[in-house]
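One chain, subunit A, appears in both complexes that follow, with subunit B as partner in the first and subunit C in the second.
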Partner chain A sequence: MGADLGLRSTAGRQTSRRRPGRPQLIRAAVITVLLLFVLFGFPQLLSLYYIDTMTQVAVYSMVTLALGVLVGRVGLVSLGQVAVLAIGAWVAARLLFATAQPYPVILLEAGLITMVAGMVTGLPALRLRGLYLALITLMLAGAITVVLATVNFPNGGHGFLGYNGSLVHIPPIRRPSVAGSDPAYFRYAVIVAILMFLLVLAHTKTKPGRAWAAIRQSEPAALAAGINTTLYKLWALALASFITGVAGGVLAGAVHYLYSIGFPTQDSITLLAVTLMGGVYSMWGAVVAALLYQFLPALLNNWGVSADWLTILFGLGVLQVLTTAPAGLADQVPKDLARLARLLSRLLSRLLGRRTPAPGKTT
Partner chain B sequence: MPPWSDFEPFIVSGLALGGVYALSGVGLVVLYRATGVLYLAFGAVGAMGALIAWSLGRENVPGWLTWLVCIAAAAVITLGYGLIFGPALAKRDPLVKAVATIGLTLILYGLMDLLWTSSGGQARSESLPTDNGGFSIGQIQVDWTQVIALAAGVVITVGTGVFLRYTKLGTAMRAMANDREITATLGVPVRKVEAAAWLGCGVLAGVAGLLLADLAALDATTLTFLVISSLAAVLIARLRSITLTFAAAILIGLLHDLLTPITALSNYQNMTPFVLAAAGLLVMSRRRVMTQSREEA
Partner chain C sequence: MIEVEGLTVRYGGVTSLDDMSLTFEQGTCGLIGPNGAGKTTFFNVLSGFVRPAAGTVRAFGVDLLSMAHFRRARWGVRRTFQTEQAIEELSVFDNVAMVHEHSKLGAATRKGDVLDAIGFVGLDADPDARIRTLTAGQRRLVEVARAVVGRPRLVLLDEPAAGLPDEETSHLADVIRGIPEHTGALTILVDHDMSLVSACCTTTAVLDFGKLIASGPTAAVLRDDDVIRAYLGVA
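Showing the complex of A and B:
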């Protein structure tokens, strides 16, 4: 078995049983402060353009998180996640037009329906492994995209599909009553994303996480060790589809109008590229990937630089990640920064004329 | 159901499309068997070649020279990628090797969109002189490009089969498909054989790009992602048999085009390769025994 993209083993560690030590507490405190800053600082500091962009980042961080679970934790490579996102957005939009249910309920329903859809299509596909699984997800995504192009997204029409091509005044997809404005919706999206990250954390730290790690190392060995590989693979697929479906629901409210051309099959390929670049073994990687995927294009657009440079950069990034840094930017950047810090301190001590070896040189 | 005469023109165009898919599919299978790389950038390098040829054609460079340049460009890019990243990723999983070619696809795609921007709305077209001549069978008009496309598919499939069966290089490729290490131990210059496979695949990518630019559209996105249709044929053949690849490719091309006159289904005609590949894969993966061998699936 070799669907493993990297070399590291990030099995669910047994740390959860012990009392959290000081480093964990510090880390938790730093993350909390960071999140509070994002929730309350960003809407104050950023222009509306960048708030909308950051809402997209929050949405896509869920998508890359789900893909990261599949690729990094279980070793299942999916080339069809944008199609799953489209299903989630479609279901949410249909429900939002058809019912007056509260938004969180709609998100939950969109997640669950997408989960069922993902499992139904995924169950037969899970017989395949590695390259074949990746390619069949690409084929299924291509088929879904064609169907979506014909069916169209709901625009307030009637019937099961909810599409009316002759509507002149298309009503926007509604947002939750507590988050009508763009900054408020941004906070809403970030909170949903945090919940999804916690959901994944709850999985990776417990039994499913350990089972996934075993499956990623070697599926036959996991089977021999008494792990129900089909169950846990399906579980991972269900979790990923659920999260992506919820992300689709958040996306529907964020953009107000949905079009099938917004979900082309090739975006799934780019999505895999940025997820690999961000790093699939850590959840920070999902955030990095979403920033690469949504924030960088907005930034370049603002600067008047063609987005094609970004496509080229993503291509180079994939090659670089696969050949030299399997754990992605989330792993590589801190290491490189530490290396840079060591180099600087060594240079500094040399400049000051001291001959003492710089700290940390022992590695 | 429309009358039969409505379907007739689509048989010809379907066969032509199937021929190009077959040619691409054979290139993909041979490269996969020899090097373990599923070359997802196949469409992108073809598109790059076709666009370079188009630009040269605008500078009044003679047609035959632009076609050669198209094929050469695709071959050089492919060979270059193979020489740089082939050895670096040789020991990795087939999936990693395939994803790496997505990197090349994105680089080429970005470059093409940058250099031959499509936002201006100016449609490009590449037309080969063989479009003008032709003949008719009964009511159906057939142009020479379509004949060439189908013939190229047949010739490449048969030629590759003969090449793999009877030549020394072909035998070496088949040996490497079984086991790279053992083949190297037996004294086969593994790197050279791999380079030959990359070069061959690149040439086929150039030919396919040129033909598809004429038969389909000269557009970076279309050409880059048309490889997915060939990929479907390759998947049905389980990345193994070139005969099966040929048959699947013809079937996909025919079925895709024959759905055009049926109004109820014509919206869904682009699903043909995906549905066939998904069904084929799922049916063939029944009752598969899980093994720990290096040969994936």
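Showing the complex of A and C:
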């Protein structure tokens, strides 16, 4: 029987399986250079308008990252992420007005409180999947939006809600002392986003990531592998809520003033659309989605074009992704670019081949 | 040893398993019958996916039905599915390691146990290879490796040879025959390929419309008139 032979051959291969190869090292180097350029190049090159926009991109990349964990990793479709973001922003704003705690501590607390809120509201919905889960989360988001519209966002007032109804002498939500200016706060937001991406990476490359992959493909197979599917779904929900809560905290400092009108329920649908377009299976997809969600409207506004056109564009984009590129733009664009490069290279070599006569045919 | 007593499963008005009482002793046992006979339902009961209307199942003295489904896998109930379920997103190694890391076994033995399982099934593929790069036969072997990694007590194989060519079925038969000796687990094989069942199973039980119609040594069961009439057919 070939079993022994198989054991020897696989064991031999196993010794090198955890060593990072050259492509991985190049990839890590490219990502590092790119991040350094974003952190230090963007504030020098961009106007304040675009720096603020890119801060929003950093914030929403965390939200789409969290949504990507739910949709792409576990297969849970949530239409309530904007409401979760609003909870994070509310908690952070309340703590920022009420306490003098350092900003990172506030972000951590906002993340943890939002995580608990997300788990409590999401737990009953975990028995559902697909359209029904999406519907339930949308309804929950609607309910949270109604509550927030009633209690309002904290604005330096007193009491549990911290709301000053007179709307005079409203102080702005403070920022960290090291990141008071817009460029500095942009860097701060990017660093927080990087930490959140690393947190997700630490999950996807380890035991939870494998469990989520199994649950997404086949829940019976996951159960047959001994995976407590309820626990791991709840874990994903907790992680997504935590990250979105932290994003809410960063958003609070970015905009200084929060209003419930800034968190409409229907934005959760647009968020899901751009997350699908960006790509739910890769973390780059979250960045692409945030660029689509925040940078593209800002660009159109700057050009004097109504951002309402984006609704049509996103609709077409989702259609295109669902029919031709399920892994999203983050997967499709590099492949298309590589295809284009190969095509151009072939064309170029043909052109050069025609102009340069072959050595044997010169006489 | 598995002792099944009065096991009954109903889906609405359909009785999928009807008062099934049977003992699977040791080694590799076969479970055969026509489509819809209740074979997969029986596996689903053992795995915890289906709650029976009545009956008990004791596996090595433990009341299996009182355990949560994911705990059964951790305890040692492993299975493959009719439709192969290797996890596409993961590598061969991670597919097998996933089962090990959710068992009661420690991380210290994981790498060795996983490679042992991959080697045991004779899977000639890089452990780092993605599942989507494998052939159908190799994917089946990944599933079997998942079922035998660590210390399984009960291995349920649901039509593992479905769609495989003769050569791969023959290799699979060698692997299945080796499972009890390699792991100490009781193995139950469901398949429509009678040559595979004959080659692997010392004893075999036959279901028809949810009822147990025969059980005993495989050769005798396959000659049983009721079995021939209900399932094998008359030449």
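Everything that follows uses one rule, which is that the second predicted complex is superposed on the first by the 334 of 363 C-alpha atoms of A that agree within 3 Å, B and C clash if a C-alpha of one lies under 4 Å from a C-alpha of the other, contacts with A are read in each partner's own complex, and residues count from 1 in each chain.
Heads up, the rule we're going with is that a contact is a pair of C-beta atoms (placed from the backbone, for glycine too) under 8 Å apart; a residue touches a chain by one contact, two chains touch by 3 or more.
It should be emphasised that the depicted structure is a prediction, and the values quoted were computed from it without experimental measurement.
When the shared chain is aligned, no partner comes close enough to touch A:I170: not subunit B, not subunit C.
Of the two partner chains placed by the overlay, only subunit C lies in contact with A:A211; subunit B stays clear of it. Within the superposed three-chain model, A:L45 lies out of touch with both subunit B and subunit C [touch as defined at top]. Look at A:L223: by the touch rule set out above, it reaches both subunit B and subunit C.
When the two structures are aligned on the shared chain, A:V33 is found in touch with neither subunit B nor subunit C. By the touch criterion stated above, A:L310 is placed in contact with subunit B alone, subunit C being left untouched.
In the superposition on chain A, A:L347 contacts neither subunit B nor subunit C.
If you count the residues of subunit A touched by subunit B and by subunit C, you find the higher number for B.
Once both structures are placed on chain A, subunit A residues 1-5, 218, 220, 223 are touched by subunit B and, in the other complex, by subunit C.
On subunit A, the positions that touch subunit B within their shared complex are 1-5, 77, 124-125, 127-132, 134-136, 138-140, 142-143, 146-147, 149-150, 218-220, 223, 265-266, 269-270, 272-273, 276, 306, 308-319, 322-323. For subunit B in complex with subunit A, the residues that touch the partner chain are 38, 85, 88-89, 92-96, 98-100, 102-111, 113-114, 221, 224-225, 228, 231-232, 235, 267-268, 270-271, 273-275, 277-278, 281-282, 285-286, 288, 290-292, 296-297. Those residues of subunit C lying in contact with subunit A across their complex are 47-49, 69-71, 73-74, 78-79, 81, 85, 87-90, 93-94, 97-99, 101-103, 111, 115-116, 118-128, 146, 171, 174-175, 178.
Taken together, the subunit A residues at the contact with subunit C in this complex read 1-11, 13-14, 17, 207, 210-211, 213-214, 216-218, 220-221, 223-229.
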